[in-house]
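The first chain written gets the first letter, and so on, giving A, B, C and D; residue counts start at 1 in each chain.
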Amino acid sequence: MIYSFKNDYSEGAHPNIMKALADTNTLQTVGYGEDEYCEKARELIRKKTSEKADVHFVVGGTQANLIVITTALRPYQAVISADSGHINTHETGAIEAGGHKVVAMPGENGKLTVQNIEKAVAEHTDEHMVQPKMVYISQPTEIGTLYSKEELIKIHECCKKHGLMLYIDGARLASALTSDINDVSLCDLAEYADAFTIGGTKCGAMFGEAIVIMSDRIKEDFRYMIKQRGAMLAKGRLLGIQFYELFKDDLYYEAGMQSNKTAMIIKSAFLNCGFKLLTDSHTNQQFPIIDNKTMKVLEKDYLFETWCATDDEHTAVRFVTSWATPTNAAENFADRLKEITKGE
Amino acid sequence: MIYSFKNDYSEGAHPNIMKALADTNTLQTVGYGEDEYCEKARELIRKKTSEKADVHFVVGGTQANLIVITTALRPYQAVISADSGHINTHETGAIEAGGHKVVAMPGENGKLTVQNIEKAVAEHTDEHMVQPKMVYISQPTEIGTLYSKEELIKIHECCKKHGLMLYIDGARLASALTSDINDVSLCDLAEYADAFTIGGTKCGAMFGEAIVIMSDRIKEDFRYMIKQRGAMLAKGRLLGIQFYELFKDDLYYEAGMQSNKTAMIIKSAFLNCGFKLLTDSHTNQQFPIIDNKTMKVLEKDYLFETWCATDDEHTAVRFVTSWATPTNAAENFADRLKEITKGE
Amino acid sequence: MIYSFKNDYSEGAHPNIMKALADTNTLQTVGYGEDEYCEKARELIRKKTSEKADVHFVVGGTQANLIVITTALRPYQAVISADSGHINTHETGAIEAGGHKVVAMPGENGKLTVQNIEKAVAEHTDEHMVQPKMVYISQPTEIGTLYSKEELIKIHECCKKHGLMLYIDGARLASALTSDINDVSLCDLAEYADAFTIGGTKCGAMFGEAIVIMSDRIKEDFRYMIKQRGAMLAKGRLLGIQFYELFKDDLYYEAGMQSNKTAMIIKSAFLNCGFKLLTDSHTNQQFPIIDNKTMKVLEKDYLFETWCATDDEHTAVRFVTSWATPTNAAENFADRLKEITKGE
Amino acid sequence: MIYSFKNDYSEGAHPNIMKALADTNTLQTVGYGEDEYCEKARELIRKKTSEKADVHFVVGGTQANLIVITTALRPYQAVISADSGHINTHETGAIEAGGHKVVAMPGENGKLTVQNIEKAVAEHTDEHMVQPKMVYISQPTEIGTLYSKEELIKIHECCKKHGLMLYIDGARLASALTSDINDVSLCDLAEYADAFTIGGTKCGAMFGEAIVIMSDRIKEDFRYMIKQRGAMLAKGRLLGIQFYELFKDDLYYEAGMQSNKTAMIIKSAFLNCGFKLLTDSHTNQQFPIIDNKTMKVLEKDYLFETWCATDDEHTAVRFVTSWATPTNAAENFADRLKEITKGE
């Protein structure tokens, strides 16, 4: 039986979520997110972020990104992203389809730097070029790294200085919030960002992302944009029920902790067996660099993603864990890896 | 306790769907609709429609409409719709946001006529105007009426004659397929349309629409469009599991029948009490015209939608039933209505 | 030799314009409208409209319309137009290609009424529909009629009341300004509109439209939009030179007067010969209704446009004059028409 | 008196063009490019390129680029460009506003390489990414360099191999065609490209670009796209008259030769005085690297553009010549430069 570390959406929903959906299944509510469950979930999230936040729910992350960004920008404005940013690489040009250029700048460990934001701003001088107006970062990044609070504040200040909005994609935010090296809280995100998302799909929910908006410019008429982009769920309550469940008793943090715990077991396993890491991730995505022979052996028992060749004989691969990864699945993997490498 | 006839998405999912989702919850699958459940559901739907069909799943109806239409049309091409068509009135300009004009023509009983399609074509003569290239109809329509097979064939022939694609929005298709006056089958839709949807959200599923594509022009690279518009569900299996459940044992038809059965009870109740109907619907939406005094009384016990004033003292209202409407809820309503009107 | 009354862009530019272009041909200037000629023209137009106006020049009318409208509206907002409005019928869906629905309302004599603006607003109630945010009218309209100052003020007040911007397409404004029944001045346009255009192409210039903007919302970063839509002329001075010439000595009014004078000769000719008019136009477009036999005879000597059949034997046709129509061309036509109708 | 080498659109039109416009000024023609002058110009260009070409005229280069590219691509498809490509840097995101990502790859001397095209293709593997479908190059490039016939053929073959269309931006094509190192003819462009432009604005015309289309996919309904993007000139004949004049007696080549001749005088002047060049351009743009002291002195008598600092004391600047640059203006500059550098 093959076990999959391919991604963090291999299973359904956390049992508590499944139970909440089952328990409420036959109740009647109004549609489109105007029901009491959504309202309760919104209130809860406001309490944990900021009373001034507007909170909306949509089904998926690309949806969330494209709606926030196309709402925030005028037609000639652009969003600055690390070149590895999800909006730049893995959303099939959704932002461009919405009319906006993604100004991609080299990242450092997957992170956008103040220096590169400044550079992007400096390079766009007049009306013959797009006008950068927003910065997009991911927490954690696409390769599992984290912005520290200090880094976040510096980016925030750089944004203020240049009249840029700051948008943070939190698709895997549970893993960030509970990482052993993290010092950025939900309240910090609300303080330093103009908008951010709290990912549900990869953090215990069946599906769903919460969009938390601080900026008036983005708040205005946001429901029109949700509807126009086909993202207003008829049975909106499904999102409210899930996010209420995720936040009423810290289930969100539990989910993050389990994903990190199992990721750390896998990370240690690779390190202990003498492998190097592409990047030092303290979240639920790990990028060990392995020789191709070991890769072939591992592929017999495990699913994982090939990231990139690092030389002719080595490949960086991606192992992803989630709330659904049992501790013993990670431990079994660690044992198996030891066996394989000893056997060589 | 107020009972809602406001819409057909007031509850969650059919118990069979809930069970199927629970049963598969901890299984691991690959993402984005490439799992075995989606594949099985696609095969099943192909069997019931056409072996030549491409089948895709998305979460919502506006999503389905905007993706199909923006995939089918070149930038200067337009879609012809009845003025009451959902894409023209209730999707916040999603089609226009995708770059295309909706050429709205007067409908007859909510239905687009061959005559008006011909008129729209005749009025668009050259490159100073948009080029109509697709016809959009809904089965059932937004006011519950149905195209007969004969009408459908005539529209199909008109489309062929003028090089137009035909797209059918089946958001409430279960109700259409099981209506006592219906003679249009799933196979007919596949034969006469270039693409159509099989609505899940309003027909027993927790959420989801199946898009069935017959035309090569629309088939090509369709998954790119799904992804770009933010509609590719990470846990795509959720859609496959539901549609497999809906079609493996005719649950879809069961759902439609229950919605129609309860709608007919309500329709009879209004007719028996001497009320007129705005339109003679044989599906799950009923539009009785009631005096405003009766409306006030009914509003104490029931939720329903105000459709339009027909004169100073009368209002057409909308009652909607679904797979989730218990027969006795409809019967209780019929009794209550008799009481009220006798009491007057 | 056939004479064309087909449109008001059959010839090149007014001789004064040609001379101005020739006189400045070898001078060097900076590009993109930042030269001294454009600056002088902008100042002149500000003097004749409002000191608070921003003035920009583009080559064509569809360009002007699409840039103003896409600058003014957020993605979910719509523009209300008479169904006969140029943006609704003859711009190949340019506004929709820019992402916005044109909410088309029936016009009266080609004019949008306050009643229909109110109706459009009332019909768009929530986020499931587009949000009307701008009103588009043409002065003169597409069928040559004019808004009186009183009508303009009422529309302006209706717009203020509902938070709508007012945009006036002045493609044939010279003819409006000099019409015998006109009481709307350039200053009135600046006072009551949020933006309007002063058409050059059909009013003496070789090409070019001046966009006059009063609203801060539309003013902001407008040059970015001009550039992005491909409308920033490298040799921008060509526009400045022409508009300076048109307004420095009232050439614009002269052009309008000649077009109206010759149009009135043609109008009288039709009336004197017993023909009716589709609409009572006091500007440079005339729409006589003629029997098809007379039409055939006229077509031997004249080019004009077929507008619409009014019955099986009669057709409304369009005769257009311009600054370039010699008085005797109109007089000769009048003589010829008399001959033909007497001959019958 | 300051002389400008700032760009190649500082003056109006070549005297022959001015004469042709004046001579035809009062003639009546039909509009929108359907007149006899446009037809003659199209025939002439077909003779000089390919009998299978479709030829259209628009006013400006950004217009041409955005219309060709948005016509060619389906919504999820992208265009590959050198990072220095005009569409990537100086068109205010016009391509993205049309919905398409520009996949920017590092250029070599301003030129896109086969290797980088292959890399871009290889990096875009599935529907989570845009689909590259077109390659954009400029001849000459934005920094004056030229693709040789061999390079062009290799790019063409690479495009065929990967199902990519090839589009060549010829905004300064006259200078390319007449460069001393050029071996690419108009016929070659027609043979190896799917579409290309013949720039008029910078090559003798008052304004205008000819779009030459070889690919059926781009040919289809192209006039609809021209109109929708606001690029269909009412007095279309203005474009036909100019392009007929440019090609009937090789005026286009004359214009190119004069620009190159004067550019070579300036190039030699810098080389003779010991300056280096940023790039070895054999066309009408020259990029000498000068010390900042010399720059300051030159700025007293000449306008030219600052390109980029090469170190703290040196700056690459851009000198541009055109058909309108008198030979003695270039010679005077050479003399002046000698004076200045001797004086040091």
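We take it that contacts are C-beta pairs under 8 Å (C-beta built on N, C-alpha and C of every residue); 3 or more make two chains touch, one makes a residue touch a chain.
Computed from a predicted model, the values in this text were never measured in an experiment.
Trainee: Chains shared as neighbours by chain A and chain B?
Mentor: C, D
Trainee: Tally the contacting C-beta pairs at the A-C interface and at the A-D interface, and name the larger one.
Mentor: A-D
Trainee: Need the CA-centroid distance for the pair chain A / chain C, whole Å please.
Mentor: Between these chains, centre-to-centre, one finds 51 Å.
Trainee: Between chain A and chain D, what is the gap in Å from one C-alpha centre to the other?
Mentor: 43
Trainee: Which chain D residues reach two or more other chains?
Mentor: As it turns out, chain D has residues touching two or more other chains at 75-76, 91-93, 97, 99, 127-128, 224, 227-228, 232.
Trainee: Classify the chain contact graph as line, ring, star, complete or other.
Mentor: Contact pattern: complete, every chain touching every other.
Trainee: Could you list, by residue number, the parts of chain A that touch chain D in their complex?
Mentor: Those in contact with chain D are residues 75-76, 78, 89-93, 96-97, 99-102, 127-130.
Trainee: In the complex, go through chain D and note every residue touching chain B.
Mentor: Interface residues on the chain D side: 70-71, 74-76, 99, 127-128, 131, 220-221, 223-228, 232.
Trainee: Can you tell me which positions in chain C touch chain D when the two form their complex?
Mentor: 3-4, 6-7, 9-13, 15, 18, 21-22, 24-31, 59-67, 91-94, 97, 201-202, 206-207, 224, 227-235, 238, 324
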